[in-house]
Amino acid sequence: MVRIGIIGAAGLSGLELLHLLSRHSEASVKLVTSTKYQGKNVSEVFPELYQYSLTFNSNETDVLGCDVVFLAVPNQASLELVPKLLDQGIRVIDLSGAYRLADTEVFAKFYKLTHTYPELLKEAVFGLTEFFRQQISGARLVANPGCYSTCALLGILPLAELLGELDQHPVIDAKSGVSGAGGRVEDDSMNYVSVNENFKAYKVFSHQHQPEIQQYLSELSSYSSDINGEVIFTPHLLPVNRGILSTIYLHFRKQVDGDQVIRKYTEFADKQKFVEFMGKGRFPDIKMTSHTNRCMIGTECDQSGQNWVIVSSLDNLIKGAAGQAIQNMNIMFGLDESLGLQ
Amino acid sequence: MVRIGIIGAAGLSGLELLHLLSRHSEASVKLVTSTKYQGKNVSEVFPELYQYSLTFNSNETDVLGCDVVFLAVPNQASLELVPKLLDQGIRVIDLSGAYRLADTEVFAKFYKLTHTYPELLKEAVFGLTEFFRQQISGARLVANPGCYSTCALLGILPLAELLGELDQHPVIDAKSGVSGAGGRVEDDSMNYVSVNENFKAYKVFSHQHQPEIQQYLSELSSYSSDINGEVIFTPHLLPVNRGILSTIYLHFRKQVDGDQVIRKYTEFADKQKFVEFMGKGRFPDIKMTSHTNRCMIGTECDQSGQNWVIVSSLDNLIKGAAGQAIQNMNIMFGLDESLGLQ
Amino acid sequence: MVRIGIIGAAGLSGLELLHLLSRHSEASVKLVTSTKYQGKNVSEVFPELYQYSLTFNSNETDVLGCDVVFLAVPNQASLELVPKLLDQGIRVIDLSGAYRLADTEVFAKFYKLTHTYPELLKEAVFGLTEFFRQQISGARLVANPGCYSTCALLGILPLAELLGELDQHPVIDAKSGVSGAGGRVEDDSMNYVSVNENFKAYKVFSHQHQPEIQQYLSELSSYSSDINGEVIFTPHLLPVNRGILSTIYLHFRKQVDGDQVIRKYTEFADKQKFVEFMGKGRFPDIKMTSHTNRCMIGTECDQSGQNWVIVSSLDNLIKGAAGQAIQNMNIMFGLDESLGLQ
Amino acid sequence: MVRIGIIGAAGLSGLELLHLLSRHSEASVKLVTSTKYQGKNVSEVFPELYQYSLTFNSNETDVLGCDVVFLAVPNQASLELVPKLLDQGIRVIDLSGAYRLADTEVFAKFYKLTHTYPELLKEAVFGLTEFFRQQISGARLVANPGCYSTCALLGILPLAELLGELDQHPVIDAKSGVSGAGGRVEDDSMNYVSVNENFKAYKVFSHQHQPEIQQYLSELSSYSSDINGEVIFTPHLLPVNRGILSTIYLHFRKQVDGDQVIRKYTEFADKQKFVEFMGKGRFPDIKMTSHTNRCMIGTECDQSGQNWVIVSSLDNLIKGAAGQAIQNMNIMFGLDESLGLQ
């Protein structure tokens, strides 16, 4: 049994980890921390987690006996905790954005934080499971991807070999439920009456997942920002609890063969347990992936065959956060990748 | 033109006052206060209020030149402000609960506040327009009713003369949209993910509108708590922005004639501009009263004719707060009661 | 492995059965029928059910090789299918209301149908698991309870021994999400714009679950409609996908001891896998039971101790339909009651 | 007083016309038709329209005495009715898509209908008020624009003079509430449980508003589809009742001066009663335009100044349908453009 600690267990991602892990046959949660609920029983505060008899701890470094710790805390807290945990010999899966970006200047710009442990950035493995399995299996530190990044990268990267033919930057118009956009933050903007019967774009040209998508798209494909320009990414806030749907626009220099596109997606999805390609002209909605660890993808082109629209969808709390984190944990500990996720 | 000040203009009730008053031909808002937005322009902070060129003030007693002030602030703030405003010769319509209950002990119990101006309680007129028009017209201080109270009292009181025949206390099972239940409070319980796809009872046997309903039901009908017991009132939180629907259960000692019930409601509604009786066996939903100042009522009995269910509905921000406040203002200043409300 | 047929598998209850059974280790779905999707693959029509490679059949009696059939079809269809299936030696769990009421006249009144197989009514076992385990284990035909009935009966019946002390009929004010109120019916009343931002009472004094609650409350407790009158039951339509919350009002002749009430609920819940009592003054919301097979209950009384409010909540599609049906199937086939339900 | 007939008055656009016209001081509704509600009183079927004492008629050509008729019926019905009404000397404002597209082949492709009155297409005036006031004032037939088209064109066209500098087609990623996407259609796809907690793209590369946007963008700006390619337009279904938000991506050949962009928008908005520009870096959400006839616009560019994101929002039932139709009617009859719309 893998012994697990969850720092920030009472946040939305932490709670989702608890939900999923309650059905995991080879892992057991030993430590949960929460400043707000310190000393209270998990199942008392959250009756739906009745399977747990744990008490919320407030000492985030009281991780003795854990094999791995999930960090589900704000960026700054993660930044500081990671080296402390690694020093104690604990493996870490960080759900924050603290260790995802290679460039500390870009990090500073988008996160408004100075990166105090740049040496760890080289060691951190980006936890986009489908592309980094090998590295994840031996990693001490996994930087679990952002929800928007996972959705966009899994939507585009199956076409990696074709991206050199792009005439222009991809346009990623992404829509997320509230839990993916800072859900339980106690601020007016996430209040029910602010969100319900509403819809808006936010952080236009300034969301921190833009450089994340940019970096890994460049690293994993023939796409080049020098030639194609920066990825355009616009997040929006949907009045739903969970789910992300990304509508991605690619413009190629010349016609792209439809069969080739279908083959790329199909071959990719066939190798992956949690990616499904719906085919040309069929598109996922967020309900299809809700409460699952799956990313579903559909695509269509216009008559010219140069313009392609890709729609990808996932559950931001599962494949976009806690689910993918558990998928990565399974790999780190030599377990079946899908344990606890079906 | 009636010159108006709104204290707490950036809260939900305050904003609704601004919305409604922008269409009022005989009143003009001269002063709006908000601590949070002090110095900012109304239409900049709230673009939907583009008709206003006012700036938020933070000095709540800077009311010189106002004929009437609406208080849309928490109970304690209202409690303190009312005597100060009256001393300046300003008439006041208080949307809080500070001056509604006659009994200061009951007030202390339900509001957790000591009432420091009990002498004003005798002067305050309860702003349930349909029953206190005469008193409102000459009032210095109108205590605008609670949203739940308005909905319940308008549902029951048309049967005032029959209530002596009740075998038991009325049961009022009330459901309110978020704006009526403390909507923009920046607290976790009103967060989108807490409310959406959810529903709950709250403040069971302890909501402050219970004694308000109790008091005015006793005052305005043959109902007696000594004989019939206390009104049972249970509020619930609906995942909608606005609207209240109350399902009211009355049990009479013996069969009550259906025609008589219909006649009572019909006669009452015919005299009122903002009350509509839908008839026996027809019931309002909250959409029918949404964005209006109307209370709609339907009723049905079982075969015995002893058990009656009444359903009443209104928009908690309008007939349950800002709309009724304006209705009362119209009466206070000798205007047509429905000005600005149709 | 129990071999299962699902008649009406593409309706909301049928789909929920498929969802839940995909995780059941001792049962396997062999047959699914749907007129609408006949000949189509389950996972093609419903991508979220990707685990199934079954094709929708349209022949509802093609059940050869099934050990048990779940009927998730309208009342009239169930009424006709049950004897045909029993004749083929198939055990049946009927999710409709066709075989729940003992009195065919009451059935005719509330269902607007003539009961053509009254002899089977005596054999049918009411599938309220917590009260009929013994009978269910040997039953050929289980009449799975209505969602409202399950929620109300589990809320009230733990107090069975006290109900003789009621001064009056219970009042059950119930609120259900759309899937429990006829959800996917293609009719204007369940259209998104009709339901969203709305709330209403429906079938006042005429809902078919009223006589169901009435019958089993009488059968399983000291409550008597002759003395106490008929149960008052008012259903309402909540703008959420799933979940029921019932607010139940009991009025006793004299004070009821709080400790006794707590003890009754606690003892009952302790013996049941899927019932949880939250204690006095604590209440469930629908999110706590959403996506689970649990019924959660809370209660409170007023100062007199004569008036008790009980709040019970469950997921109408799970404990209120498909989940309880599987719980019953587990019992019928000698399996652990909770298989596939945790 | 302008005497008005509304054909299809019980649909969503028809009901919105009735709502708005109840506050119009210079117009009066004389005829309302509905097949479904024929013979019933408007206020009985729709209690929120209590101001009307009209009865639904079913004879769509019984328009004697009307000065103007609004057609709020499906495309085919409008196609047929328009010549009949014009022949009776009645002016027509058609809210359907029957007379918007100049090219009957394109019409046939997107609407799956043969255009039987091509000669009327030349006479029909496109009712995008801000650009066709002069023609509207004298028109016999106004083809009121589609909701998506209005939102996209008002967002882009203020930059008409710059569009020749586009490096590529605009990408319009549009999101609409249910009422704009075929709301009350009695079909499974608009059922509450299908839409709630969901989000999807639909009619990718095939929505009938694409050629409408394409045609008027070409006609009213320096944009050329020969050079820039076809507009890319993807509609999505939002789980809200009303509102459209369009996120529009423009890529220019070289840097575009921000001040120039701001000036263009500001100058345009200053001349229009119902268009507001929020400035660079500020964006509307759908709540800001909900229940108003306004279109609000914001914009931002990236560091290169070549990529611009425009966000435009409006209420699909008002500025996107009934409101703009009334705005056009006001112009046709020499009234103040904003009568009944504030």
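In this document, chain identifiers A, B, C and D correspond to the written order of the chains, with residue numbering beginning at 1 in each.
The working rule: a contact is a pair of C-beta atoms (placed from the backbone, for glycine too) under 8 Å apart; a residue touches a chain by one contact, two chains touch by 3 or more.
Nothing here was measured: the structure is a model prediction, and the numbers come from that model.
The chains touching chain A as well as chain C are B, D. Summarising the inter-chain layout, the chain whose CA centre lies farthest from the centre of chain A is B. Spacing of chain A relative to chain D, judged by their CA centroids, is 38 angstrom. Distance between chain B and chain D, defined via averaged C-alpha coordinates, is recorded as 38 Å. Look at where the CA atoms of chain A average out and do the same for chain B: the two points lie 46 Å apart.
Residues of chain A in contact with at least two other chains: 197, 239-241, 284, 287, 290.
Listed in rising order, the residues of chain C touching chain B in the complex are 167-169, 171, 173, 175, 196-201, 204-205, 229-230, 232, 234, 236, 238-243, 245, 247, 249, 251, 281, 283-287, 290, 300-302, 304, 306-307, 309, 311. Put simply, chain B touches chain D in their complex at residues 23, 47-48, 50-51, 197, 276, 278, 284, 287-292, 294, 296, 342. On the side of chain C, the complex with chain D involves touching residues 12, 178-179, 183-188, 190-197, 239-241.
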